[in-house]
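Chain naming follows the written order as A, B, C, D and E, and within any one chain the residues start at number 1.
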Amino acid sequence: MIRLEHVTKEYDGFRACDDVTFTVQKGEILVILGPSGCGKSTTLRLINRMVERTSGTIEVKGRNVDTVKGEELRRGIGYVIQNTGLFPHMRVDRNIATVPSILGWEQKRIDDRVREMLDLVGLDHDRYSKKYPRELSGGEAQRVGVARALASDPDIVLMDEPFGAVDPINRLRLQKEFSQIQRKLHKTVVFVTHDVEEAMLLGDRICIMRQGKVVQIGTPEKIVLKPCDDFVESFFGAEGALKLLSRYRAADYADDVHSEGSPLEADSSLKEALASMILEGRERVPVGAGSIALSSILDALRRQES
Amino acid sequence: MIRLEHVTKEYDGFRACDDVTFTVQKGEILVILGPSGCGKSTTLRLINRMVERTSGTIEVKGRNVDTVKGEELRRGIGYVIQNTGLFPHMRVDRNIATVPSILGWEQKRIDDRVREMLDLVGLDHDRYSKKYPRELSGGEAQRVGVARALASDPDIVLMDEPFGAVDPINRLRLQKEFSQIQRKLHKTVVFVTHDVEEAMLLGDRICIMRQGKVVQIGTPEKIVLKPCDDFVESFFGAEGALKLLSRYRAADYADDVHSEGSPLEADSSLKEALASMILEGRERVPVGAGSIALSSILDALRRQES
Amino acid sequence: EEPVVKNQGDPITVGSFVDTEGGILGNIILLALEDKGYVIEDKVQFGTPDVHRNALLQGELDIGVDYTGNGQYYVEGFAESVWVKADSAYESIRTADEKNGLLWMTPAKANNTEAIAVTKDFSEKNSVKSLADLAAYINKGGEIKFITSQLFAEKEAGLLGIEKAYGFKFQPSQLVLLPHGNTAETLKALSEGRDGINAALAYATDGSLVDLGLVVLEDPMSIPPVYEPAPIIRKETADKYPEVKEILGTLFAGLSKEKLQEMNKKVIVDGASPKDIAEAYLKEAGILD
Amino acid sequence: MNRKPEGTLLLFAAAGIISTFFLDFAEAKPNRILSGLKLGSFKFLGIYAGILVLVFAVVIVSSVLRDGKIRHMISGMAASAGIAVLLLSVGPMAGLAIPAGTSPRITISSGIYITLLCLYIILGTSMRRLKGHRTLKLVLAAVAALPALFAVASGSYSDLSIMKEYQVKKSQFAGNLETHLFLSFGSTLAAAVIAMPFGYLAYKKPTLEGKIMTPMAFFETIPTLSLFGILMVPLGYLGTIGIFKAIGVSGIGWAPAFIALTLYGLLPIARNTLAGFKNVDAGVVEAAEGMGMGKGRVLWRIELPLAFPVIFAGIRVALVQAIGGAVLAGLVGGGGLGSFVFLGLAEASSDLVLLGVIPIVLMTLTGDSLMKAAVKRLEIGGAV
Amino acid sequence: MKLKSIIPVAALTAVLVLMLIFSREFEIFMYGIFNTKTQTGSRTPLIVLFIEHLNMVVVSGIIAVILGLALGIFISSKPGREYRDAFEEIISLGQAFPSAALLALVVPIVGYGSEGALIALVIYALMPIVYNTYAGLTGVDPDCIEAAKGMGMEDKRIFTRIKLPLAANVILAGIRTSLVINISAATLAAAVGAGGLGVLVVNGVKAFDPVLILEGAIPVSLMAVIADLVMKEVEKKLSYS
């Protein structure tokens, strides 16, 4: 779906992107993770030609991006930037309707679409559609930003630290909601972040960058378990494995053994199951009809690997 | 050391602090934790009389705060505010020297103290003392803020979300450094945050506030294990127990059993030990001369409680 | 009945100086022409003398009012002495300005020349009646503060000439210089004795002299030129509307110094409308009915 | 609950009382230019002066009331009543105070202006601090404003010297007012049309910023009157050329004034245009581009609407400046209300000066506050 | 002050001085160019007019700075804050009077000469100073003030050590604006007989004499530009960034 091959971007001789090569499959979320200034945003913006590369090839949906006009290319790709970038002088509905109206959809269709999008991101149409961006909380604004990027139903969405400005508590909620939306829509997503937990939670694959170069690219498990160098390892810290546990649902690792106590919530993660065991000092906690054992959690990553 | 009794602060009839009562012992860190707008900052600022209370009694070092002039009271109490509040027109050294020069220390003593303070917060004197605040990174500015608050060696330090503006990666480092400093200096600290992990990591006791009222106050263990209501419970989420584990040193829970593999670092926490076990799929990992067992971690909180 | 409009769609622009007398004289022309059925664009009290002059030259004004003595500034090649006599002054500017396309009509017999005024009290107390007396008074070291226009103070045919002729000299501290020459202000300052002022620039036709209890010092040597107001019409306009030239020809002839003084007084002291005063004059003179 | 007396009310009520007792309210002159008998408030207004003192006393008492709402209601009502009494009584009382003589004049003196100013400030303060109560505020404003209109319209002021000046100048007044409006609004419009593209250019090409702004800033250092004067020469020359002559350009008249005022308006507008565009959140522009908007669309749909409140604020500054500057047109034959000012100055008639000044001040104040309100309105949909 | 910024100031000052010394020659030269019929000239030497002008600007400037700072500080202080709106209204009312009209109106009150002009100029110069003082002082980062207060500084010390230095550049920018406005507005003082370079400008305009206008306008503009440059340097010097 998206293919970068030996892509380099120089600013006055400084390589913000240096020989970057990767592919994003249809329906996949690729998370680009790295420290500040490593070239994440630049890489993202090369894809929709907000920035023109110095050398290399970029293909989107099998076509070289140079064969399309920049503006047209961008109209077909959703784009969510840090701090939302909502247009402060337009109400929520007009913000969301931006690309559809550029594309010349008829009014009725636009209205329906706005309603549908607000629904999708969990905002009440009547309450929110006529608000101005400054009347929204950070989390609400973020949702509108996502709704706007998806309004014209693009196959591809680029997201640049979309939840960067949201406080930690709301952030988790947004991340989970985004996961759900993605499960419905199966977009092809490139997602930039410097938050390790976020990368773990959302990424099908993670691409770790450093000083403009791709250091390692692969599934979160592979990266945590087989970091290719110290830099990658240090990134996940000593607690990388725990973070990884948040990716798996406890129910998937449960067995039929009966266990006492109040069961975990249906979509609890392995991490939550582990926390619950430690809290209660038990080696087994109930989940669904059965229960899950500490040893299953201990084995989980191993099982995943094979 | 600090005692608030039935303290209330009203703004135009709105109670920002409502009947707050607590005591902070000498050498203790009390963390005030709560959602935005719950009155944390107000409570803090009542202590050094930045805000005058509407009713109630406040004692600092056994004396009613009303018996001292506000300014004098404040000169004896360190104060670190969110976003550092460094004076942009003064170089780092003069920022740090502010209170000592108000107190009329002689120049030599001030100079020595500045050097000592920069040392304490891990900044090189020669490199940093002549910089202006705008030439510092967020983390460096934060350290200078702490150095400034400690310059006159006050017994009591008030900190209002001191690390609020620092990015997550540097934040963890600053928190750990602060822990170390505190272990050396044994200040009496009231620390405001809305970050649960920070509260867990630093607080000897945590005071949870909501809408101006103190909801629960106690050690982190007590609050996680015995939350007094749903609000407090929701605050720590499903993973509260795991967070708690970061408070304990693995070495303290180790036994003499020999175990293979590379040992954990000396001051690793139980949380890190657990992560290591999950990563490697083993029930026991080496620490120091001996090793620690998964079952010890499972029992840790229980042991702590008794 | 309404007279027929004689210049449909081509109004004649009439202007004058932005001062009291300009208001009256301009309106006299305006009303006289309107009475005969001309459509007039009213630019009465249009601007300062030089703005007015240039407007006439450039055709911004078709008709204006100016003073014969001002010819000394407008045209070159005349001896200074021609400007101090009424007839030679008029003849000089009339002939010279024909080349500029401006026709000077017969001026009023009213010399609105520059003079120095003092209060009656001052005059009597110090027995100062003429400029010669004033010179003696000043040279004796008498207190004096003279308010005048900058322009008058700085020309040979003005204060510089007077000082030379009568043999005295104002010190800078004895002068209050205004950038304009309108004497309502100077005379008011004099009559109120503001800032110690006890002498002021006046024009001979100033209407407020009597009411303010002021007297004009005599100038036996006649230093400042003769300033008689006359209507001026552009040659183009005169050629197009010969009747207009006819009307203007002797329009001012009947105006005496006393008459102008009286009319000026009514406007500046009593606050009457210059137009009303002009109308009254025209009726009295039988030009209007 | 505020326990302290309210300073603003106290201060201006005290100032009002002092001005009522000690300043002249009118001058009864034997004629237009001679000074005359100065009249204090009681001599001039009689019982109504007593009412004014009472009004100020009420304000002082209200300023120590505890309840803010009642306090401001009382002081507001007192002030607007005071304004109404003052404005309505001046006309008839002037009629009574006219001295004998052929052409006597009654001139309003500083006391009335200052007393009025105190009353307006008290009223303004009260209304600002009175939250809500829209109808009450509307009534207060009406009570304060309508009497002046009524008095002017009904001819109640006809005995005042300034109205007599108006009677004399009536035929020129409308024309001069129109010219003044044309000069100030027209030149501001022209300045906006020229300066906005330059401001935008400076934004797009930062290297050009100095080259664009420096000359504009230079005009600002040339005294207005000199610029008028200097322009007369080249314009006088231009005026002899056919096409310019046809549109009325000449060395005198409106052209130099109009051009000079336009030149003065350039800097504030260009500067604010630059600042306005710079202020637009880079993230917003990035989002717009990222959604496939072309350059033109980004400019018209995003940047311009967002920058406009700031640009408009610059236009406001330019307009206020132009209204004041247009006075000088009176000196170069450009007409406008300045003609009255300078004729008044020349004839030593402060009433005639005021006949020019008062409309200018009103024009400035209303223009300014309308534009301010407009800026606020623009911002409702805008950033911030 | 860096050499780079001294050069333009020195050059402009030199031009100004030369112009003052050789004013006669300037007139003769310019009349050669313009060839106007009315060659009025001036009774008072240019240098005297210049000094009058300078005097007016300096005196009104000093008064305006003192008054403006005091007022600005007052209305930005806690007890004075409630007067802010009232004073702002009065000052902006004062500014709504065109400078020429303001000058015209003070004559009947204080008479001819420089007093009237001074009053008008002070009123004119006041607004930018008061406004910028207020904006500067209240614009100081509240975190800084909070920190200062929290460290036990008294209000006086917070004012002198924190607020004033941090507001200095904004305040100085206000003084600069008002100075430049004032230099150019003082031209109109001639209209009330207060002298100054405006005498030449006003006479020049009346006499339609571009030489006189330029002779007055050039020194005024030079003064304004020099004042602007110098104040910019002072601003740089006194502000921390």
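Going forward, a residue touches a chain if its C-beta (ideal position, glycine included) is under 8 Å from a C-beta of that chain, and two chains touch if they have at least 3 such contacts.
These are the chains along with the protein names UniProt gives them: A, B = Osmoprotectant transport system ATP-binding protein; D, E = Osmoprotectant transport system permease protein.
These numbers were taken from a predicted model, which means no experiment stands behind them.
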{"item": "Chains contacting each of chain B and chain E, listed by label", "value": "none"}
{"item": "Count of contact steps on the shortest path from chain A to chain E", "value": "2"}
{"item": "Chain pair that, of all pairs, has the most C-beta pairs in contact", "value": "D-E"}
{"item": "Distance between the centres, which are taken as Cα means, of chain E and chain C, whole angstrom", "value": "39"}
{"item": "Chain C-chain D separation of Cα centroids, rounded to whole Å", "value": "36"}
{"item": "Mean-CA-position distance for chain C and chain A (Å)", "value": "89"}
{"item": "Intercentroid distance (Cα basis), chain D paired with chain A, Å", "value": "57"}
{"item": "Multi-partner residues of chain E (at least 2 other chains)", "value": "191, 198, 202, 205-206, 208"}
{"item": "In chain A, residues with contacts to at least two other chains", "value": "none"}
{"item": "Residues of chain C touching at least two other chains", "value": "48, 51, 54, 180, 189"}
{"item": "Pairs of chains satisfying the touch condition", "value": "A-B, A-D, B-E, C-D, C-E, D-E"}
{"item": "Touching residues (chain side chain D, partner chain C) in the complex", "value": "31-35, 102-103, 105, 161, 164-165, 167-168, 171-172, 236, 239-240, 250-253, 331-333, 339, 342-343, 345-349"}
{"item": "Chain B-touching residues of chain E, taken from the complex the two chains share", "value": "141, 143-144, 146-154, 157, 162, 165-166, 240-241"}
{"item": "Contacting residues of chain D [partner chain E, same complex]", "value": "6-8, 11-12, 110, 117, 120-121, 124-125, 128, 218, 220-230, 232-233, 251, 320, 323-328, 331-332, 338, 341-342, 344-345, 350, 353-354, 356-357, 360-361, 364-365, 368"}
{"item": "Touch list for chain E against partner chain C, complex", "value": "37-38, 40-44, 111-113, 190-191, 193, 195, 198-199, 202-203, 205-209"}
{"item": "Residue numbers on chain B that touch chain A, as the complex places them", "value": "36, 167-169, 194-195, 224-225, 238-242, 245, 265, 268, 271-272, 274-279, 281-283, 294, 297-302"}
